[in-house]
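Each of the next two complexes has subunit A plus one more chain, namely subunit B in the first and subunit C in the second.
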Partner chain A sequence: MSDATDTGPVLAADGTPLKRSLNRALRREKLRALMLIAPLLLFVLVTFIAPIADMLFRSVENNIVEDTLPRTVVALESWDRMTGEPPDEAVFAALAEDLVIAVETKTHTRLGSRLNYEMTGISSLFRKSGRSVKRWDLATDGPFREKFIELDEDWADVGMWAMIQIYSSRYTSGYFLNSVDLQLSPDGIAAREEDQRIYITLFKRTIFMSLTIMFSCVLLGYPIAWLLANLSAKASNMLLILVLLPFWTSLLVRTSAWKVLLQQQGVINDVLVWVGLVDDGNRLIMINNQFGTIVAMTHILLPFMILPLYSVMQTIPPTYLRAAKSLGATNWTAFWRVYFPQSVPGIGAGCILVFILSIGYYITPELVGGTKGVFISNRIAYHISSSLNWGLGAALGTILLAAVLLLYWAYDKIVGIDNVKLG
Partner chain B sequence: MSALPPYATTPQRVWYYSFRVICGLIFFFLIAPIVVIIPLSFNAEDFFTFTPEMLAFDPEGYSLKHYQDFFSNSDWQNALYNSVRIAPLATLLSVSFGTLAAIGLSQDHVPFRRAIMAILISPMIVPLIISAAGMYFFYSRIGLQGTYIGVVLAHAALGIPFVIITVTATLVGFDRSLTRAAANMGANPVTTFFKVQMPLILPGVISGGLFAFITSFDEVVVVLFVGSSGQKTLPWQMFTGLREQISPTILAVATILVGISILLLATVELLRRRSERLRGMSPT
Partner chain C sequence: MTDSAKDDGFVVFDHVQKSYDGEILVVKDLNLSIGRGEFLTMLGPSGSGKTTCLMMLAGFETATHGDIRLGGKPINNIPPHKRGIGMVFQNYALFPHMTIAENLSFPLEVRKIGKSDREAKVKRALDMVEMGDFGGRRPAQLSGGQQQRVALARALVFEPELVLMDEPLGALDKQLREKMQFEITHLAHSLGITVVYVTHDQTEALTMSDRVAVFDDGRIQQIAPPDQLYEAPENSFVAQFIGENNTMEGTIEEIKNGVALVKLDSGGMIDAKPINVSKAGERTRVSIRPERVEYNRDRLSPDAHTLKAEVLEFIYMGDIFRTRLRVGGNDEFIVKTRNAPDQRRLTPGETIEIGWMPDDCRALDA
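And then the complex of A and B:
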């Protein structure tokens, strides 16, 4: 070798500097990995992430007022709602013009039901006015202010106009305020009427019931996981099947089983009557209430508590307990001071998992929860399929999603996503 | 739990046995609801509880009429047909995309690995009702709501995390020198993949596929929103049955589904053992 090559950069076989050559190889490797991931990533982005983004968008979107009444919205901008006077003729003329077009495309009823979420009565006002406005001639029939007020006194209502003005922007926080029992009113953010405040209660109930289910799962899961971790491998494998079988059984099968068991004419009541604990006349009501939901969901989610607990407990050496006892600890002290602290990570993982799963549950509460045992997700489903207040459903969903993602982040910190194990 | 030592005191003995009884009761709580529906599905009456004839083991009390109803009723048969039509295609989609991506993710240098992983796992974490709501909104925008393809795509998305998790878990123990050896002997990447890598990770791929299949086969929330009556699946039919006119046929269907889950559980368990054995063979 000559001296010249020793002082220059190290070269690869093809003469390029080794550093650049290695970088290129690394880049190629990265690119290849990304090429393998790209199809799936694209697939998930389109089929899953885009829908979630759409939901987030719908929770603030409020195009309907401006799209249906474009001229009115512009005319209304200059109106000061503080004067206490209904808007002037220009606004009413614009409204007449907008309504004639809206009636033709039949969008005025949709706008009516949208505004009705914020102020009852607007829906019928729009429907009623729509029928008359159809027959008006825009060129000759003015002035429209008197005509509208003559048609329905509500058109002179400042509060109603203020509502239209507030909700004329393209984006609104109205749905989110609604999900926490508040509303956007002419005087700023205010509480909803007493009989419309349901969501805070529902959120509280969802959290309370999820916590109850979580604690029941810890209470029932801990002894089982302990037993499984301390038995011989053969025996624990056999018993593990008893845990995995419910885990693998269809959710609806388990829910129907509970529906059958908990009914008033069901198996549990029959047994209780037969034993004599319960009088045939007043059988226990265990279904269509919170009790039914809690029992059925504890059963359904129990494997999710046992499996992480078991995998943590397997790593705790049994010699520690013996050592503690040989140093004079009682059984209880040895368990509480030595064993239990080491099993806490398992409890944490199981609890977060069960809690995440239970706050978003829909099927089981829907079937065994009646009216008192339902969760926030049942309300979301109701808004999407029955009341068609999609914006509110999306806002409730966004709040629930934020809560779940927060817990998920905590789970990742404690356990790590990569450590999620199945079966 | 080690056996009771001979020097155990009476309270220790009492605790030892009562702990076993408590555990027995919890196992009973886990298993009994599933077991109890099996005999009830053979009920000769349209009741959801044991009739005196059943308790006396009188053959009169048992019949197969709910099973007959399941196999002759067009609603149930349609639902079964739809389930069988949707689940395999959804599984195929999630397994083929998922396996490729899992191989990509298990490479040494993957940029944004954590973020990508979080996105791919998210369908498992996001509550089903939220996925269902979002898919309902978005799929109606692009005209997939109420179509067969829409339901298949939705179910495939839900199954992907399971495939990713099981296949990456298998790849963790995969000996990379095997692919290098194959390449060294002149195999191109495609041959290496099918002849060397695939047979070794196959157990993981299959169990991921089974998870994806059961996810789709059992799924009801998303199909309720994304599907229309033309895509009514078995769980959907059960859901309506449970909510509206509860008929004992549901118990017959439930029993059949329990049978299927036992079969799947056995398969996954066998595959897991095989995978462990294979991994034990490869030098690390």
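And then the complex of A and C:
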């Protein structure tokens, strides 16, 4: 004791500071532990972290204009789009030179498609011009301004040139603006035309429907979890199997089953007509709309609510309820004041699971959602696989990720993440 | 029973039966009357039906047959929350999401008592168990003993006339348990409340209660004040269950002048007090407390019957000596003697003669 306080740091037997010699002793163990998880770490890095980082990057990346038309971009810098005049000969000469090279490498159509996201018609303009420019002789065929305008009068369109100028930088906020129904226009950030505004609606719908699904899961799952936790072991095992059975059934099978049940000629409508509650001519429309999506997804995500609730409720001893009643509380007060607060961590865990799963759900809304019941994720899938506008898909995905993180943060602030028990 | 309390039938079990599965009776024909202000303990091994009785009284179980009356009124069909009975649970059952003060305030809130009244009562109850400074804490921040006090205060705060306690001290260590035993009895008597206390710890039952009801096999085997229970058990079960006991089996030779002459199976004759044996030729199990066995010949009456015994083991325990003897083939015959200056210390291997006052040796059912 006195040795240590007199001479500063505690020393090991051989005179090295104790901390360092402890670290050295532990290093081997740490290394070995690291080696054990190295394969998983590598796997996660390659298949999860890296793609996400790449996707996030794509939402702002915009190299294509400068890479395809390097000279034009430089020449355009001095052009003032506010004059209302198309650029001068220097720009068109640079464009001709760039296009000739682009046509050889066939990159001009890709640029056309990219710019077409922002302004329809540019794609065909590039393709058409590409075919003609191929035959031009750069040294002798000038001046190119007239030639281009003669080729297609869109080349005299100031708006089109402004678009190229706006999107000539290597990074752009354009995708994100598009994701929230805005666009970069020559006059700055502007709202999209009314018939093109879909994403805000989709985001709102996604969040609204995810919340609806989450609350339906709480309402349906809470009593079941309570039964599971309070029935005899035999009965609750049986019930647990019933809860898990859908879990073990293919997602597609379950979704298709809902189609069979909900469609206009389906089981539920048939029964209602047979009973006489619904007129045969006015069969209920329960699928290919929001209702169908909510019903099917509530069913599919219900186990994710029940299981965390069950695991929390299992730890609440029944004596609490008895104690509350012996103290004079009615059944309802005992439940509401004593049991329910203790089950909140389970509700929190279930809600987070269900909400996060449903906000990014794709298959079920795709199959039973129709047009009114689709989620933002279906739009992302469309941009990734059909329209090939990956930048926009990435931006939408990034916003979705940010929304989830934001909600998670809000939950942590309001309820506290320590208050969540996942098992 | 305290002097002031008399059995006025405040709590009455009238031919109460209880079965959970319709095949086995857990409680068989229970008749019990508890007086106002009495501290009654239900003692028995697990599965003897004592906790079931408590739960029926609290209203968490319904009697299959018979009446339970509280203050003269049948309460069979009154739900637990309307019975106004305080209860202390085995694991305290303090609500973990509420502070101590909120826990105590809970029974007052559900009774719609005003805020200022509530605070005064909570404070008084906490002070009563010396936990006044802990109102703002959560149950998890308290030690077992402190939680126990809070649970007690919570069961008392709404001033019930009857308080039930279900093995409330089971989770505490020995020292704390002894301290709490004293505090609970003291509190119960000073407040004048009626307490029904369930335990399987006989020391607890003996030290705390006015009367003890010994349960076995769904019946009350004996109900008596602690001293009677210990000194005058009415049957073999009670004799075995309460305290340490030496038993020997035999046959009644004759019963004369309130003394039974018993011929032991191992040979030898002894005197015993007939309790639930009536005539010669009956099988009996005689029981004698280890501390009532005497091996000093001069302290026994000259005509007392004695038995030969071989000393097997002598254990020095400080205040007492504990000697294990072989008596008529029984190797587990225990004798306890006070460590007095004139007390002879036995050595293993030595052969002695043992005897007792006939009143201390009780001839019970076989």
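Simple rule for what comes next: the second predicted complex is superposed on the first by the 381 of 423 C-alpha atoms of A that agree within 3 Å, B and C clash if a C-alpha of one lies under 4 Å from a C-alpha of the other, contacts with A are read in each partner's own complex, and residues count from 1 in each chain.
Operating definition for what follows: a residue touches a chain if its C-beta (ideal position, glycine included) is under 8 Å from a C-beta of that chain, and two chains touch if they have at least 3 such contacts.
Quick caveat, the model's predicted, so the values are computed rather than measured.
S.K.: Would you sort A:Ile384 into first (subunit B), second (subunit C), both or neither based on which partner it touches?
M.R.: After superposition on chain A, A:Ile384 lies in contact with subunit B alone.
S.K.: Name the contact category of A:Pro341: first (subunit B only), second (subunit C only), both, or neither.
M.R.: After superposition on chain A, A:Pro341 lies in contact with subunit C alone.
S.K.: Now for A:Met297: first (subunit B), second (subunit C), both, or neither, which partner does it touch?
M.R.: After superposition on chain A, A:Met297 lies in contact with neither partner.
S.K.: Once the structures are superposed on A, label A:Ala329 by its partner contacts, choosing first (subunit B), second (subunit C), both or neither.
M.R.: second
S.K.: Could you say whether A:Thr319 touches subunit B, subunit C, both of them, or neither, answering first, second, both or neither?
M.R.: second
S.K.: Quick one: classify A:Cys217 as touching subunit B (first), subunit C (second), both or neither.
M.R.: Neither subunit B nor subunit C is touched by A:Cys217.
S.K.: Both subunit B and subunit C contact which residues of subunit A?
M.R.: Overlap of subunit B and subunit C footprints on subunit A: residues 331.
S.K.: If we count contacts the way the header does, which residues on subunit A are in touch with subunit C in the complex?
M.R.: Result: residues 317, 319-320, 322-331, 333-334, 337-338, 341-342 of subunit A touch subunit C.
S.K.: Any idea which subunit B residues touch subunit A in the complex?
M.R.: Touch list, subunit B to subunit A: 1-2, 12, 15, 19, 22-23, 26-27, 29-31, 33-34, 36-37, 40, 47-50, 93, 97-98, 100-101, 103-105, 107-111, 116-123, 125-139, 141, 153-154, 156-157, 160, 162, 165-166, 168-169, 207, 211, 214, 217-218, 220-221, 224-225, 235, 238-239, 242-243, 246, 250-251, 254, 257-258, 261-262, 264-265, 268-269, 272.
S.K.: Can you list the subunit A residues touching subunit B in their complex?
M.R.: 26, 29-30, 32-37, 39-41, 43-45, 47-55, 58, 220, 223-224, 226-227, 230-231, 239, 241-246, 248-261, 263, 265-267, 270, 299, 302-303, 318, 331, 356, 359-363, 366-367, 377, 380-381, 384-385, 390, 393-394, 397, 400-401, 404-405, 408, 417-418, 420-423
S.K.: Which of the residues in subunit C end up touching subunit A in this complex?
M.R.: 58-60, 79-82, 84-87, 89-91, 93, 95-97, 106-107, 110-111, 154-155, 158, 164
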